[in-house]
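These are the structures, in structure tokens.
In what follows, chain A forms one complex with chain B and a second complex with chain C.
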Partner chain A sequence: MFVQPGIKRARNALEAALSGLYDLVISLLDLIFGTLQRLIGVRGMPYIFVLPNLLIFGIFILLPMLLNFVYAFTGGASFTPFDRPWVGTANFDRLMDCTNYLEPRTCGEDLFWRAVYNTLGYVVIQVALMVLFALVTALILNRSIKARGFFRSVFFYPVLLSPIVVALIWKWILQENGLLNGILTGLGYEKIPFLVNAQWAQFLVIMISVWAFMGFYMLILLAGLQSIPADLYEAASMDGANHWQSFSKITMPLLMPTMVVVLVLSLIRAFQVFDIVFAFTGGGPGTATLYLVQYIYNYGFSSPNKQFGLAAAASLLMGGVLVVLTVIQLVVRREEN
Partner chain B sequence: MKISKLFTALLLVAVLLSACKTAATEAPTTVPPTQPPAPVATDVPAPTDVPVQPVEIRFTYYADGVEADVIKPLIDKFMADNPGITVILDVVPYKTIDEQLPVQVDSGEGPDMARITNFGAYAGKLLDLRSYLADSAYYEANFPAPILSALGYGGYPDALTVTGPFVNKTLFDQAGVEIPGEGTTWEEWTALAKQVAEATGVQYAISIDRTGHRFAGPAMSMGATLINAESNFTVDTPGFRSFAEIVKGWHDNALTPQEVWLGAEPVNSCIAAFKSGQLVMCMSGSWQINGLAKDVGDAFDWVVVPNPTGAGGSTGIAGGSAVVAFAGTQHPQEVAKLIAFLIQAENYAAFSAGTSSLPAHTGVAEAGVAFNTDNPMVLAALSAYTAEVPKLTDQAVSLNVHPYAFAYYRNSANRIAQYLSGELTLDEMLVNLQQDIDNAIAEAQK
Partner chain C sequence: MSIILEYLRRTKGHKRIDITDVFSYVYLALGVIVMFGPIVWLILSSFKTSGEIVKFPPRLLPYRQDTVVVEGYADPLPLYEITFEDGSVRTLAQVRRIGLESQLVDPANPGEIIKVNINQRQPVESVYFGLENYKEGIASFNFARYLWNSVLVTLVATLLTLLVNSMAAFALSKYKFRGSQAIFIIMISTLMVPLSVVLVPVFLVITNVGWNNNLLGIIIPAAATPTGVFLLRQYMLTIPDELIDAARIDGASEWRIYAQVILPLAKPAMAVLTIFSVMWRWNDFLWPLIVLSRSEYFTLQVGLASFQGELNVQWNLILAMTVLTLLPITLVFGFLQRYITTGIATTGMK
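Up next is the complex of A and B:
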């Protein structure tokens, strides 16, 4: 192909400039790290490389965690840790003060226990539905169906949306004067109180969060399904196995490690539910969709009636549950390996 | 090729060095070229030779309506009069003032000034202006002492607000029902609003803003002693119970837009439903006047009616916003100068006139405000709210300046919402609410 001399010269000059820049950067890095290595030795260099990450971890994760402990064992309304009086376990005692733990009404801090039971209910139902829908969708999209790529994108698309956007879109559809009620009244039906009826609100919060996050778990399961060798199915087919037998004897056992990962990840995420619900129902009606993270947020950040100690104590208790779940995940992964 | 690479590398180094040199020499030129050169140092520099350091004041501001638009020209005028002072007006949503500002101030990251409503949240954190104002006597003489005391003399009330109901007059006219006057009870208003809604086919009859502030007025009118003689909150009183039952009745009988109290917003107003023309009566307050006039236009006629009457009289709740200076400011003199400017009668009156708000400045109130509107509905509403001021009971005045008002406001809205949704009985709601308030106050007192 003929290239004009002018273009060729420009291209050569550009190549030379980029190459020169690369050499310059390398020389500078060599100068910096060579000097450092001479100063602290080869054994010290790994610490230099992890230092930026360590700083970020220390400032944004470790320090807030330590401060959380300080807040949990101190009282008062002051934000400054040094101005807060030591109260020992008073915040934990207040949270755990119950005549009957199964009945939030009998607890001193009834909102905390309402949030605990709401969260447990949400976690059990949402995770079960999430794993079920993700599995079914992954199984369907693993088959040779038409427009498979399109459908994979469609199911994954909600994952790309901000949870707040998801919540607001559904709120506009479902609110008292929203799109769906508009259609219903247009067709001559009564309005349905989607957001102000406790049962409706609890059901919709679960369904919307399943819709929003299912694509992520579907993708993990899809990868797990595709890693199962096809010849196993061929051999089973030759042996006369039907679809159910192939699924129960080959697919499920081989997919189980991936399923456990999906289960634990979705469990952790379900315990942390906040943003979608906060924007969608605000925890209401009443406290029907008040979950633990929002309880913590209400006392720690939102309300003018801030009680940092109580919020910190509740977050430590919740952190304990998440640590247990994370340990389970680590043990499972270790066993897999 | 090697020579060309070396040449390019040298060229790049030369370009980088020249860029550094340019940057180094450009920095001082940020001083406007029109400015005279810095004076040559002499043995004893005259004080006038010292260049005045420009001062920047950060003013965090929220607006219900046109307040930011009205105060901007006043601030511009102040800056024109004081060239060394730049005022940065940060207009933020009320939620930021409500939730983030107290933490910012507590952590020493707050602005120099702000417009606030929760006076109790800043106790001990405001700048006592009396020692900085050139005419402190004028400041103390022109604002109600209880408000200045609640602010710790750290600011001034920029508007007085009163709660009271708005009524859709057009719907009443269409229904052929006469709007009642003074002395009507909440039960009677409920029945009338229901009658009008049914006759005109609108969705909702009656509603009240979702906040303990608005709830308190009707409860007090029905006999609630929300603040007792020892200045403590007591919620389990017949009046509080009665009004809670009335609001519960609105919800159970589908007379009210349920999303106001049971929706996602912790603080919510019925005014949006009222503006849409689908609500006959909305219990809100005087700060909504401008928004109503602007958003409703001539779509329908609306009026402010006297607060309904009960065993405790007929009272709204006094309230309002205040412009305050924070003790942590690095520029107390300049901040005090700005506040002195804003409380001058002509400037304060310009703000009241522009925002159609009731003045808390006694001098301005006595002289009268020529509101910047010829809208008869706005003028009638201002007049109706002004008529509510003398009817305010003592506890209705002291609620908003109570140091622990915050403990009552949000907790009451949340607990009442639990009662309205059927989650708690009335007795349980009152017990829990009292406990929430006591806990919050105990925590704040530690």
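Up next is the complex of A and C:
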């Protein structure tokens, strides 16, 4: 009773102080921007406003993207683009050099093709499972169930975790003497070498990433479900539609645009799988969980003989796929609006 | 089949409990275990002693052996339950262990030493949530340094992100100027190319600017996010231009219009961007991993990753540090949950 006004007063004082500080900063900056405006006029001001963003964007996003092309078409071990000899499409030829594309062993860059196939397998299974779980969860959370907010938070919470934390948590559970093997031996089964066996590692990487990102897509789908007007269902049930009919004739068609967004977003994300796996398996055992971004990372940063040209060429190929996917998403979004 | 079909339907506002409700609650209960169980297990494990943590099969709760202070012995002695040959059971404190023989005393009668085989003793344990792992981890892991780096990066980068992106969004939404369309289109088109595919050239640029092993190297480059510009611009487009005209007639400078008319009105969008920026920066891994190689500049995420890569992994310390790194983001989520969930649902970004 006595605390409440105290807190309120303190908060008011803090707010007043903050807004005072804000006004002060704004007024000081107005000295600079006001002078600028007198010099170049109102019409020049928008350029001043975009300038900081454009500088950072140009130097750290646009320039690297252009430089990537330089790397991809030049060879040698030098890191400085101008010291690198022009090699044309040699890097791409090297990546594409295969007697049989379906068999990575026959390729000049067998690691690249292993990474390609690992990534493709990962993308297909992970996206399918992700969309399935996200959809089922969203459908259930859209019902009139108790403690909906609580359940939604629980399913969403892993999205907030950093990739390192996700990897550590699961490594701890799945290690040889971890919780899961403890439960297995308790039930009378043999221990499973989860992190040493290639198939298990591939499967678990998929499940862990579904665990980590599912809540994000669930939330988007939930918003899509909630935007479907309730009177459609009432009208349908008055017309004698059963549950399956109202699901297949109302829910699914109206949810389709959201589903496509979720599908494309999760595809783009899945192609870039890296950080969780990097901390969880490091690409192993062997090359079982070596994916494309890690292939690029290895050649660009961690390998003893760095091959920037190959890394850049591989990233351009991958970037091409991503651009196509994003264009699909933008087109769908535009149609939606 | 019909059950599955029924289960998929939308049932808002029906009254009686039917089979689909049972399915829903079973699914949700399993979901809670799978989604939240690992976190609970992490937290419970983080309190375990280094001896307890390597035990197999693992126990759910953290235990610690009870100790007792016995007259004549400086250190507290560990307590054991001893089963004697005649079947009697006594709780005794162990003085020392020699080979297979354990020498114990009765805390009530410390003069007499009792010798038994070590197989006869069973440690007396009780549940104990100790902070030893946290203290030791903070001391040995350079935690304070990494925490400071992470907090600094998150705060400065978020402030900068808000300023730089809102200024650009203001210009792109409230002015018609030559090149505005081109700038917007170029920015939007880079939305689709992720950092992961331009790793090498980004590293080159940062090296040439001289920001290797410098926190500026992770603060500045990520400050101009096309996503942020896009989000704020779309929101500012909904603010009526009449407000700006009125302010101009009152003699306000363009800067004051931006800072004192538009920004206060764009608060909801700014809040969403703030939350995302905090999440991005705090959890960022790939970029700091490339830019920072000296450990005094590590952020928490890079520090954790390097710590777990060391040879004999001290899990008890790592787990305690992991819990500490997810505390801030959990608090943010607790307080701003509504903004986060609606923000994601409406913008579709993370």
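Methods note: the second predicted complex is superposed on the first by the 290 of 337 C-alpha atoms of A that agree within 3 Å, B and C clash if a C-alpha of one lies under 4 Å from a C-alpha of the other, contacts with A are read in each partner's own complex, and residues count from 1 in each chain.
As a working rule, a contact is a pair of C-beta atoms (placed from the backbone, for glycine too) under 8 Å apart; a residue touches a chain by one contact, two chains touch by 3 or more.
Keep in mind it's a predicted model, so treat the numbers as computed, not measured.
Taken together in the superposed arrangement on chain A, chain B and chain C fit without clashing. Residue contacts after overlaying the shared chain place A:65 against chain C, while chain B stays out of touching range. Once the two structures are overlaid, the count of chain A residues touched is higher for C than for its counterpart among chain B and chain C. Annotation: apex chain A, arms to chain B and chain C, angle 60° (C-alpha centres, rounded to a multiple of 10). In the superposition on chain A, A:279 makes contact with both chain B and chain C. Contacts of A:179 after superposition on the shared chain: chain C is touched, whereas chain B is not. Contact with chain B, but none with chain C, is seen for A:76 once the two complexes are overlaid on the shared chain.
In the superposition on chain A, contact of A:42 is made with chain C only, not with chain B.
In the superposed pair of complexes, A:301 makes contact with chain B and with chain C alike. After overlaying the two complexes on the shared chain, residue contacts for A:108 are found with chain B alone; chain C is out of touch. In the overlay built on the shared chain, the residue A:206 is in contact with neither chain B nor chain C. In the superposition on chain A, A:144 makes contact with chain C only, not with chain B. In this overlay, which is a superposition and not a single complex, chain B and chain C have their closest Cα atoms 5 Å apart.
Residues 79-80, 171, 279, 301 of chain A lie at the contact with chain B in one complex and at the contact with chain C in the other. Those residues of chain B that touch chain A in the shared complex are 1, 4-9, 11-13, 98-99, 102-103, 106-107, 118, 121, 257-259, 262-266, 406-407, 409-411, 417-418, 420-424, 428, 432, 435-436, 439-440, 443-444, 446. Taken in their complex, chain A has these residues touching chain B: 12-13, 16-17, 19-21, 23-24, 75-80, 85, 87, 94, 105, 108, 110, 171, 175-176, 193, 195-196, 198, 278-288, 301-307, 309-310. Contact residues on chain C toward chain A in their complex (touch as defined above): 5-6, 8-14, 20-21, 24-25, 27-28, 31-32, 34-36, 38-39, 41-42, 45, 54, 56-58, 163-165, 167-168, 170-172, 174-175, 177, 180, 183, 186-187, 190-194, 196-207, 209, 220-224, 226, 229, 253-256, 258-260, 279, 282-286, 290, 301, 304-305, 308, 315, 318-319, 322, 325-326, 329-330, 333, 337, 341, 344-346, 348, 350.
Partner chain C is touched in their complex by these residues of chain A: 26, 29-30, 33-34, 37, 42-43, 45-47, 49-50, 52-54, 56-57, 59-68, 70-71, 79-81, 136-137, 139-140, 142-145, 151-165, 168-173, 177-179, 181-183, 185-186, 211, 215-216, 219-220, 222-223, 225, 230, 233, 243-244, 246-247, 251, 261, 265, 268, 272, 274-275, 279, 293, 296-297, 300-301, 308, 311-312, 315-316, 318-319, 322-323, 325-327.
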